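Presented below is the structure to which this report refers.
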Amino acid sequence: MVFVLFTLSLLIFYLTRGLLPPSTALAPYISPRIGDAGKLSLARALGVATSTCPSFQDFASETNGCIVPLWGQYYGWLVNVLTGNWGFTLLPGIAGTANTWDVFFSRFAFTAELSICAAILTIIIGIPMGIVSATHNNKLPDHVSRLVSLGGYSVPQFWFGAMLQFLFVLYVRVNGAGLFDATGALSTTCGICFSNPGVISSYSGMPILDALLSFNFPYFWDSLVAVALPAITLAITSIGALTRIVRSSMMDVLRQDYILLARSKGLKDRVVIYRHALRNAILPAVTVSGLLVAYLLGGAVIVEIVFSWPGVGNASLAAANVLDINFLELYVLVTALIIVVTNLVVDVLYSIIDPRIRL
Amino acid sequence: MGKVATETVLDVNNLKVIFHTYAGDVKALDGVELSVRKGEVLGLVGESGCGKSVTALAVVGLLPPNAEIVSGEALLDGTNLLAMGKDELRLARLRDVAIVFQDPMTYLNPVLSVGLQITEIIASQPDLFIPEMIKNRLEEISAIEKSNGGLTRELQVEREKLQAASDTNRLGNDEQKRLTQLYAISILKSVRLPEPEKVFKMYPFELSGGMRQRAMIAMALVRRPKLLLADEITTALDVTVQAQALQLLQQLKEVIDTSVLLITHDLAVVAEVCDRVAVMYAGNVVEVADVTELYRNPLHPYTQGLLASVPRVDVVAEQKSIQGSVPDLMFPPSGCRFHPRCPKVFEKCPNAKPTLIEVSPGHLVSCFLFGG
Amino acid sequence: MRPKPLEAGELYGRRADLKYSLHLLKLNPVVLVGFIISIAALLIALISPLLVNPSSWHLQNLDLRLCWNNPAFNWGIGNVFDCPGKIYPLGTDQYGRSLSEMMILAIPIDLQIALEVVLSAVVIGVFFGSIAAYVGGILDELILRITDVFLAVPGILLAIVMIVVMGRSLFVLTLAVLITWWPFYVRLVRSQVLGEKEKPYVERLRAMGAGGPRILFEHVVPNSIYPILIQATLDIGSVILTVSALTFIGLTPSPLLPELGNLANQGIQYFFTAPWLILFPGLTILVISLGFNLLGDGIRDIFDPRLRR
Amino acid sequence: MEEGYFLQTVDLFKYFPIRGGMLSRTKAYVKAVDGVSLGVRRGETFGLVGESGCGKTTLGRTIMRLTDSSKGSISLEGEEISRVKGRNLKMVRRRMQMVFQDPYASLDPRQSVRSALVEPMKIHHTASSKSEMNRDAEELIEKVGLNPDHLARFPHEFSGGQRQRIAVAIALAVKPTFIVLDEPTSSLDVSVQAQILKLLKDIQSDMGLTYVFISHNLAVIRQMCPRTAVMYLGRIVELADTQRLFANPKHPYTRALLSSVPIPDPAKRKGLATLQGDVPSPVAIPAGCRFRPRCSYATDTCAKVHPPMVEVEKNHWVECHYNLDFAVSKI
């Protein structure tokens, strides 16, 4: 785990700092809009004293020895990070120097909300659909679910999202806002959520959860509506993937000898399928949940851009464009941590479901 | 098939089964005739692919979805299993016909405990099992009474409660659960598993091959079936474990008073435990006889060949094999399906299908040499 | 659907094996659809230079006309496109180019990237995966840990950073997707080879005196290649999806480039005036991707040993 | 034991480590082969019989150098082979071959019979030209009772018996002098089994081969092997001429094995004697005599002292503290 995170941080560092000449790579940092605090922080990150390189421009010039070698820069960054200092972010639109950690996590809450909603959709649709498909092999429900899952797996998310928006706006245009507080703007069907951050107290930063915790039900409904389309769009691919996995493992399991014995014992079909087959068939699906989480977090980048969702994914492109190393590192490391932890949880789950595996 | 005087449990008549595969139709069973008498062990022998397991699965309605029963009937005490509805058939499997399979590793569910795999049978239709469970527990209590010369207060209370319950045939939920568990453990004990309480909680992977086979037999035993289908139950076992399993099977047969259809490819096992034998070849029963009669006086050329090819542990003798190999049942030979390999083939064989006729009392053979 | 049975003796030899596969293919309509779509896409890609002048995408035609002036949908953006019609079957884009022509030019670009990525990933996967599985020990551990690193981060994130840093070109785009794709193949090949090398015939070959490379590359790898090829077929669709997603968010060498994701991206701003600009490129991606997925799914069924009796 | 054996193992051990926990430390060993000494005479068929998990297959694989022994020596025609490597190992492999249990799995499904037959010739450069290889392949395929038309076909087009013939032909391709037959007929039907056994006998007398015949099937062992060793939990517990071993077993385990084999003759029905309990795990082998926990003759000595291998009669070796006589219990 430590190895994975460490190697990833090196990789990202090399990608953003090592491939370009230092003057280019560091250019975004050398901007007058970074105040003295920023300068200090930068100097610390680069491992140089502000006294030897007094001006911002000096940082970027290789001649007077202000630029330390790449490994030195990495060392400086690593020491800062290990002491809890993630530096400032260069994201455009943020005045002055903003703390990377704060900016990241205020946005990350939105990404988390979106991904969790999509994950819930994936599980509650994908697993039953896979089961139905397998138990009705080559009958109508199988064909339908196969088409839906393959379709979901093949549809470009950005396009699917755009089409959903189009249909939604058409609906609002034709029928009036009705249930929705639609202003006509594409992504902000939830007017209050994003524009008035102070409306409710923030516990988690996720609008849905916060609204629930503060018993603000109109707000809750609004945020639910807001997340609906992006979450469906994000979930569509993973629903397809999960359905296919559950279907094929379920079909494998239904062919197993122990299913034959279970049926020969005179058990009801329901018992055979849900007790005997599903427990075994769910194992492959559990195994890939790490991959599914990676799917969701990766897909979130595109979906957030399409829906102008104020999460981290939406900011990733801008961050990459300005070579905002602090933001990108934090982003990559947090997602990697989530995926690695998911895999650990999978191991635990596995040993609970399958008695043959002991931790 | 001649009417048999003795009472039969299972009568299979003219059973034809086809498997539809992507490559074509496999004519797996071609009119199987078979009857199991009450209280006997009938051996069903044949080489791999001859259809012996398919026969058993067809009888209990567990053929894979690509199988089609073209014709035939399987009468269990006079009722046709093949004409039953789904639920009726499920109840028949639950109560009347139990099947024990070959490989106890793959046939037990790896993620469920042995105990659960037994108790779920009872839980699926508890009212069917309550009288037996109460009777079993009362017997256990009496046994304790006998050995200890008295009963504790709790056991006395329990006995009274159970006696009351046996009149109404109703139990409370918790009581039912407790009795089910006790009953399952007593069954595990009766198949002579050591430390049944422990085995109850164990998972299949924690048991040895022989113990798993016993656990599977226990699952059949719980139901006290009229007919037990034992499908190659000793094939995956070592000789010493095989001996244990066969011994157990014989003893249990006496205890629960059932009939057994023992499906095997091992002629030595048949000779050891069966009362009568039916020999199958390529989807047909070709010869049926009393076990001593069959081994002393095999009539069908296939039976003769099969017996001559078995190596024996007691004498050194040259084994003779049957020429050729088992036909591909997608393209079965015409007429008598054995004719391409038969040393006594004559012009009639490829052109017509012989029928199973009784040549001497209790000895049936399907071959033109004997009329057919 | 009940197949016509094969005649006896029809099932011999390698050619018969192929014939049997085709026989199964005919019986499976879903695969057939996938097969037709995939072949059609490849054909269009091959003959596209004959259909459309490959350099025509530079030519902007700003002699604009107005075709759709529905007040309900007039969002104040200039209606500058020609609608789908006789001259331009799918209308024109905001540069005045025929959308149908641009899409014909786009298909080979997307397919080429997809094939390059998948084939390279297969080659890398077969090499490192089979060696990791066969040699085992520290080498296996090392290769596994490296794939762990790449599997722990959403590929698209790495790809975005790579493209931004290394420059927006088709080569970098291909490379960026490949970097995130190869670890899956290493894992897949490794697990296939691990399973295959436990089979008794490998033991027999060792007993015969065959050396490691012969066993690995002449027997084990060819025998474990089917699932990998199936995965590759499925992945052609997925790579197209990833590439078009990257270009859709603007990581394209040129806004004019006829590439399906980029065409959709250019079109999205005219969503309500010219919805066909995003509808058709997206639909094309869906159909091609679905085609390869159907094909891969069906091939998996066909080569399923359980169906092969 | 006498000198001049064709194949001899002395105190051969094969332990498989069980790794687990942090840093994959070795937690325990599976003692698959736990000190085996045996000698096979030139031109004989040496039977190795035992139940599953007794280590007979591992012993075969260790002799074949498919897995490295943990300790002990193996010599083939007087030459120590337990540690040879590389080129020398390849030379050894040319002299000894193996036929495996499952003819379905022991052939590469994508390889035609011809290519499979020619491959060992290529590896060992035993044929100089392509035409010579083809001629040899045709000769081989006829030798095992198939015809040259079969050369172009693939394994899945053959029946089980035919496949095993092909496997035998491949083993013969490099003209070995020694073959380990690991349960060569146990996945075949009885009516086919006899053909293969006869083929193996014919080839042996034809080419002067030496066989080690591994099987769990006592009846087959009785028909095939003049001398037999009985294995239990990684050790040979009894070794004698087969005739004598079957008529007068000296080890209680051998006796138990023999009496639990049913005989295909209802007239000889005897009621199968059963051995209680299961084979202990090869990870935790009982101290003293390893058969003690299941042995009805066990004494305190058996629990404490590992019994020595003694020659109770000429060429009849038993690993038991007591010279028991079971001859009366005619089987």
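For clarity, chains are labelled A, B, C and D in written order, and residue numbers in each chain start from 1.
To be clear about the criterion, a residue touches a chain if its C-beta (ideal position, glycine included) is under 8 Å from a C-beta of that chain, and two chains touch if they have at least 3 such contacts.
Just so it is clear, the model here is predicted, and its values are computed rather than measured.
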item: Selected interface, A-C versus A-B, where C-beta contact pairs are more numerous; value: A-C
item: Central chain (by mean CA position); value: C
item: Euclidean distance of C-alpha centroids - chain A vs chain D, Å; value: 58
item: Chain A and chain C: spacing of chain centres that average the CA atoms, whole Å; value: 24
item: Interchain centroid distance [CA atoms averaged], chain B/chain D, Å; value: 34
item: Numbers and ranges of chain B residues touching at least 2 other chains; value: none
item: Residues of chain A engaged with two or more neighbouring chains; value: none
item: Multi-partner residues of chain C (each touching 2 or more other chains); value: 11
item: Chain C contact footprint on chain A (complex, rising order); value: 3-4, 7-8, 11-12, 15-16, 19-20, 146, 150-151, 153-160, 162-163, 165-166, 169, 173, 244, 255, 290-291, 294-295, 297-299, 301-302, 305, 316-317, 320-321, 323, 328, 331-332, 335-336, 339-340
item: Contact set on chain D toward chain B in their complex; value: 51-52, 159-162, 189-195, 197-198, 216-220, 222-223, 243, 246, 256-258, 260-269, 272-275, 278-279, 331
item: Residue numbers on chain D that touch chain C, as the complex places them; value: 61, 64, 66, 89-90, 93-94, 97-98, 100-102, 105-112, 119-120, 123-124, 152-154, 157, 167, 170, 174
item: Of chain B, residues touching chain D in the complex; value: 47-48, 208-211, 238-244, 246-247, 265-273, 291-292, 295-296, 305-307, 309-314, 316-317, 319-322, 325-326
item: Complex contact set, residues of chain C against chain A; value: 30, 72, 145-146, 148-149, 151-158, 160-162, 164-166, 237-238, 241, 244-245, 248-251, 261, 264, 268, 271-272, 275, 278-279, 281-283, 285-286, 289-290, 293-294, 297, 306
